[in-house]
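Chain lettering (A, B, C and D) follows the sequence in which the chains are written, and residue indices restart at 1 in each chain.
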Amino acid sequence: MEIPRPQTGGRFVRRIADRLAGAPENASRVWEGIQLARHQERPYTLDYIARLCTDFEELHGDRLFGDDPALVCGIGRYHDEPVAIIGQQKGRDTHERTYRNFGMPSPEGYRKAMRVMALAERLEIPLVTLIDTPGAFPGAGAEQRGQGSAISHSIRTMSRLRVPTVAVIIGEGSSGGALAIGVADRVLMLENATYSVISPEGAAAILWRDAGKARLAAAAFRPTAANCYRWGVVDAVVPEPKGGAHRDPDEAARLVDGYLTRALRELRALPSGERRRLRAERFRRLGPFREIPPDAAALAAGRGEPTSARSDLPNA
Amino acid sequence: MNRVNVSIDRLRQLAHRAEHRPARIPADERSCPRCESHYSAEEMRRNFRVCPACGHHFPAGAHDRLDQLAGPGGWTELWPGLRAADPLGFYDLKAYSDRAQDAEAQTGLGEAIVCAELEVRGRPAVAAIMDFAFMGGSMGAVVGEKLARACDHAAGRALPLLIVTASGGARMQEGVLALMQMAKSVIALDGLAEAGQPVIVVLAHPTTGGVWASFASLGDVIYAEPGALIAFSGPRVIEQTTREKLAPDFGKAELQLHNGQVDAVVDRREMPERIARVLGILHRPQRQQPPGAPGPVQWAQEGAGRAARAAQSIPGLSRRLVDRIRPGHDGDGS
Amino acid sequence: MNRVNVSIDRLRQLAHRAEHRPARIPADERSCPRCESHYSAEEMRRNFRVCPACGHHFPAGAHDRLDQLAGPGGWTELWPGLRAADPLGFYDLKAYSDRAQDAEAQTGLGEAIVCAELEVRGRPAVAAIMDFAFMGGSMGAVVGEKLARACDHAAGRALPLLIVTASGGARMQEGVLALMQMAKSVIALDGLAEAGQPVIVVLAHPTTGGVWASFASLGDVIYAEPGALIAFSGPRVIEQTTREKLAPDFGKAELQLHNGQVDAVVDRREMPERIARVLGILHRPQRQQPPGAPGPVQWAQEGAGRAARAAQSIPGLSRRLVDRIRPGHDGDGS
Amino acid sequence: MEIPRPQTGGRFVRRIADRLAGAPENASRVWEGIQLARHQERPYTLDYIARLCTDFEELHGDRLFGDDPALVCGIGRYHDEPVAIIGQQKGRDTHERTYRNFGMPSPEGYRKAMRVMALAERLEIPLVTLIDTPGAFPGAGAEQRGQGSAISHSIRTMSRLRVPTVAVIIGEGSSGGALAIGVADRVLMLENATYSVISPEGAAAILWRDAGKARLAAAAFRPTAANCYRWGVVDAVVPEPKGGAHRDPDEAARLVDGYLTRALRELRALPSGERRRLRAERFRRLGPFREIPPDAAALAAGRGEPTSARSDLPNA
């Protein structure tokens, strides 16, 4: 059964995506894109919220342990309807960067996010997430307080929602720290944003054993919007103003607004149980693999010995 | 069978290696790194690859673990034919496709996870066991798919699911599609949750990154093997990023028990007993699913159908990608 | 009206006191304990009982707060006739029944909570406002019942619920039945939750014990007034039990914001604006309840019916207990 | 509409309760009862679990911050059916008392309990709670990590369950720390157990301003099983062996077993949605109050002034 691709974004986006996809991808092109995604004048979560919402009330605290300024959560008025918003927030100057922990959330951030997801579910208001993070915070305290379980529970909570959910990758989307708020009905991605399993620096340190090989890693990962669209990871690519979103944040927000409105309109038309089911299907489809014939597989798996030969094991 | 004759030599080669591998214990592991006792490979195997002198837990392969859990009843592998695709045409110091093939040759495994049906001391279950020896137990699309099928299979047969993890996290060579497997596995587990079947997770050394931050931390019961490192970020990353000096027991199973992240630290030799106990406590006469109820079972059938169609379009064992992303592109035919 | 003539004098006395109370501000409170500025009662009232010089928040009564929130639109009290029973015949240094009567005389309030319908800057809502002056804002059966009715009323009319807390916790004089009000209020709030209406809680000084550990910590949005003490156990109990020396800001609103327990610390003078903003964000055209759907509305009707019957069975204002615990015992009749 | 009293416990229990209720209650009688409830040889949660369950697996950790030994949670085999069990655990010797924090749970305990409640719900197994605590732990750290919100969320989680739930007050049931795991379909109480809004010592310190007046407070609260039954707070009183449960723990467990089995059998017969609804009704009925006629009330409320006179307020 072929499940039809969601049509969010329409012809225009697909045109953009195809144009980008057609362009030759070399290391330096991809690297330039990454620099745009990280540009310090690029609009951040709060910049979009200020432009998209006529009113916004930030909510604080996970009701468990603390409040995490790296993950902004709240409720806002969007096109005269309530909406819940969750997004990582980077900082522009040194002080804010420290305060926002460079947009790297701690477990408290994801737990606050889950609280706001539950709120959205209960009040039946759509959820919009804005993804912009180098990853979840790698710190001893964060580990101690269950960074892994915070992320997994956030993924689960978001995947279970019955309200319409849209994720927008506005800048850098790296690792589980990004995906934790990315399990949405529709995933949109800005033209110059990146979405990747790990930052290029991280990958280079591990795969090339040399963090300096980040450009090479970037070229290998090709974490661009065009590729993410081709792979089915995102449903639409949102064009940016010429030269990048930082050249004209208002126009960037206007463009996001258009795609977001369209996505929410489509999603509102679906019955609520249906959204959850389709979302599950969407994510279960992702990731290609091969399947070889069973007899060949059995050989390849190397299982010749009858298991009964192992009856000398102590749990026999 | 002319569909497979292209690479039948390669298969023979793999099979030969698998038969003659020394129970998959590298020579240097026979001497305990903690107490320096020496053991024969056979002794090690009989003791579940745990040092009889000091209790040090050596790495264990997926097949070893299945043998340990299933005992003499044996186990039947599920979906042994799934193999990684290479959606990015990824190349680091080596091409991903070569890496995966080498891993298969070295381990005798098709992927970093083995799924099977078995009984643990008389308690039937579906098992999904990761193997760190296969590319660091990393989670790519095949791990995601096998976990999803295991969940559906368990839900359809009203069986509990056992998972053993040993993984460095998401498989970087599959890029952002590997990241998506975190969502896929969590969603699959949730389908099983709705079917009311328990999930027992055993965390082996190491369980880190995207595996810990997805299905591994969502077991109804979570056991950890002694000394296993359990963390989202590894110690090196943390020390480099924050310049914190970490305690030597950072992220260790025993500390994670203290941190409330796991239910118990359980010696591998006691694991079958312990798991059987939990399955016994939770056991109920099999529940009937209402006929025609839209449930995870349909997932399984759909998935299997898709996979079968995909498999047919692949000539032999060639590594041609089943590009399920672009609809309409269904391989080269033959 | 011969049913009430027994205690009409008492009522006249209460009404007289209520009219002549000096806007309920004890003389000593007019001088700010923090900056020692002096203000007239009228200045204090106009400034929401916040010191204009240093921002110190003085205690505020339920009626003051309703006036502040509702502004010129005014408010209509709901269920003013609920009064405490004395199920235990409780006596400490004084009989509970006398205590409650004295509290009523002193405060002009029937209980430690006042419910009302109002509009906050044009946004209609149901309000449930606690008053610390009435027996330390303690929660007995009347507080539980009024909260439950407020939830039902809000659910039935598709209105949001505003709660302002100021309480030492459960009312000890009602024993274990006061403890049960924690469950009753939480369950009632949950009914409103199912109706999809938001609950905004404002924590005033102090909010402790069973009130903090029940409905007060379950608001969708939780604001705290500056300097308010918010804790399950008070500082004295903690110091006595654990011999810990507590920091001076222990449990203060500002610290609880840091602890993730509240959404914001909001100056009382900005509270109506802030609440109206949230209500404005969450506003939607009123949703229709499917006809005949079993919902919290039925609760409200049932509750009101029960209460009406109970009220009829009480001769006048006698403090005879409506013993709803023993079925078949329905008062003395008359 | 008169909702019929649940019949758990049957005639025998009611007889017991009536016998006890008939007895004159004086300070020293009540005080003796409290001493029995706190007797250090009295069977604790783990003693009952060991006797009631053929197999028990303790679960640890809240997946958030830590594990709390003061609140024991797990799954057990009870009459050849799975059951989830949650109970406060006191300690018998000094070492265990310290380890168990005298049975005073921290937020982590209640959060672990909520995890196990969710597990019970998901696997559709009944929940049994065993209440025995002087109260939730009063400590600065516990407050910092949200003791209040841990208790309120535990109450909410338990009240929402659709599986059968039975609470048994086996010893001391004091304050919100007890109620947090007490919002059950059926609440049983041992003959000599106590259930109260606060410990007698705590009440004496506050009401009499003298902790030494605990006997007086006890007499005023009368937190006995008989009274709790009369007030509708508990549904059945479980008799204890002569002289108290500590005289014969096996027999005490056998008696609990009988009542528990009967309660679970009754509850299993109900449809699952019905349990939640009846549980809500049960708790909403508790607590007597009076309602005076509206006109008298209006006078007593002292609201004479027209509110429009207040238009000088700044938010006008």
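What we mean here is this: contacts are C-beta pairs under 8 Å (C-beta built on N, C-alpha and C of every residue); 3 or more make two chains touch, one makes a residue touch a chain.
These figures come from a predicted structure and were not determined experimentally.
Undergrad: After masking chain B, report the chain groups that remain joined by touching.
TA: Result with chain B masked: one piece.
Undergrad: For the interfaces C-D and A-C, which has the higher count of C-beta pairs in contact?
TA: Contact tally favours C-D.
Undergrad: From the C-alpha centre of chain B to that of chain C, how far is it in Å?
TA: Spacing between the chain centres: roughly 55 Å.
Undergrad: What whole-number Å value describes the gap between the mean CA coordinates of chain A and chain B?
TA: 25
Undergrad: Nearest whole angstrom, what separates the Cα centre of chain A from the Cα centre of chain C?
TA: Roughly 43 Å, centre to centre.
Undergrad: Residues touching two or more other chains, restricted to chain D: which are they?
TA: If we look for residues of chain D contacting two or more partner chains, we find 63-65, 145-146, 149, 153.
Undergrad: Among the residues of chain B, pick out those that touch two or more other chains and give their numbers.
TA: 217, 259-261
Undergrad: Drawing the touching chains as a network, do you get a line, a ring, a star, a complete graph or other?
TA: Looks like something else, not a line, ring, star or complete graph.
Undergrad: Hey, which chains are touching each other here?
TA: A-B, A-C, A-D, B-D, C-D
Undergrad: Chain B touches which residues of chain D in the complex?
TA: Against chain B, the touching part of chain D is residues 55-67, 75-77, 81-82, 108, 112, 119, 122-125.
Undergrad: Touching chain A in the complex: which residues of chain C?
TA: So the residues of chain C in touch with chain A come to 193, 196-198, 217, 220-221, 257-264, 274, 277-278, 280-284.
Undergrad: Any idea which chain A residues touch chain D in the complex?
TA: So the residues of chain A touching chain D come out as 63-65, 107, 111, 145-146, 149, 153.
Undergrad: Sort out for me which residues of chain A touch chain B in the complex.
TA: Residues in contact with chain B: 1-2, 5, 136, 138-140, 142-149, 151-153, 155-156, 159-160, 175-176, 178-180, 182-183, 195-198, 202-203, 206-208, 217, 220-223, 228, 230-233, 280, 283-304, 306-308, 310-316.
Undergrad: If you look only at chain B, which of its residues touch chain A in the complex?
TA: 1, 3-4, 11-12, 14-15, 17-19, 21, 46-48, 63, 67-68, 70-75, 77, 79-85, 87-88, 90-93, 104, 108-110, 114, 121, 140-142, 144-145, 148, 170, 172, 174-184, 186-191, 209-210, 212-218, 230-233, 237-238, 241-242, 244, 246-247, 250-251, 255, 259-261, 269, 272-273, 299, 302-303, 305-308, 310-311, 314, 317, 319-327
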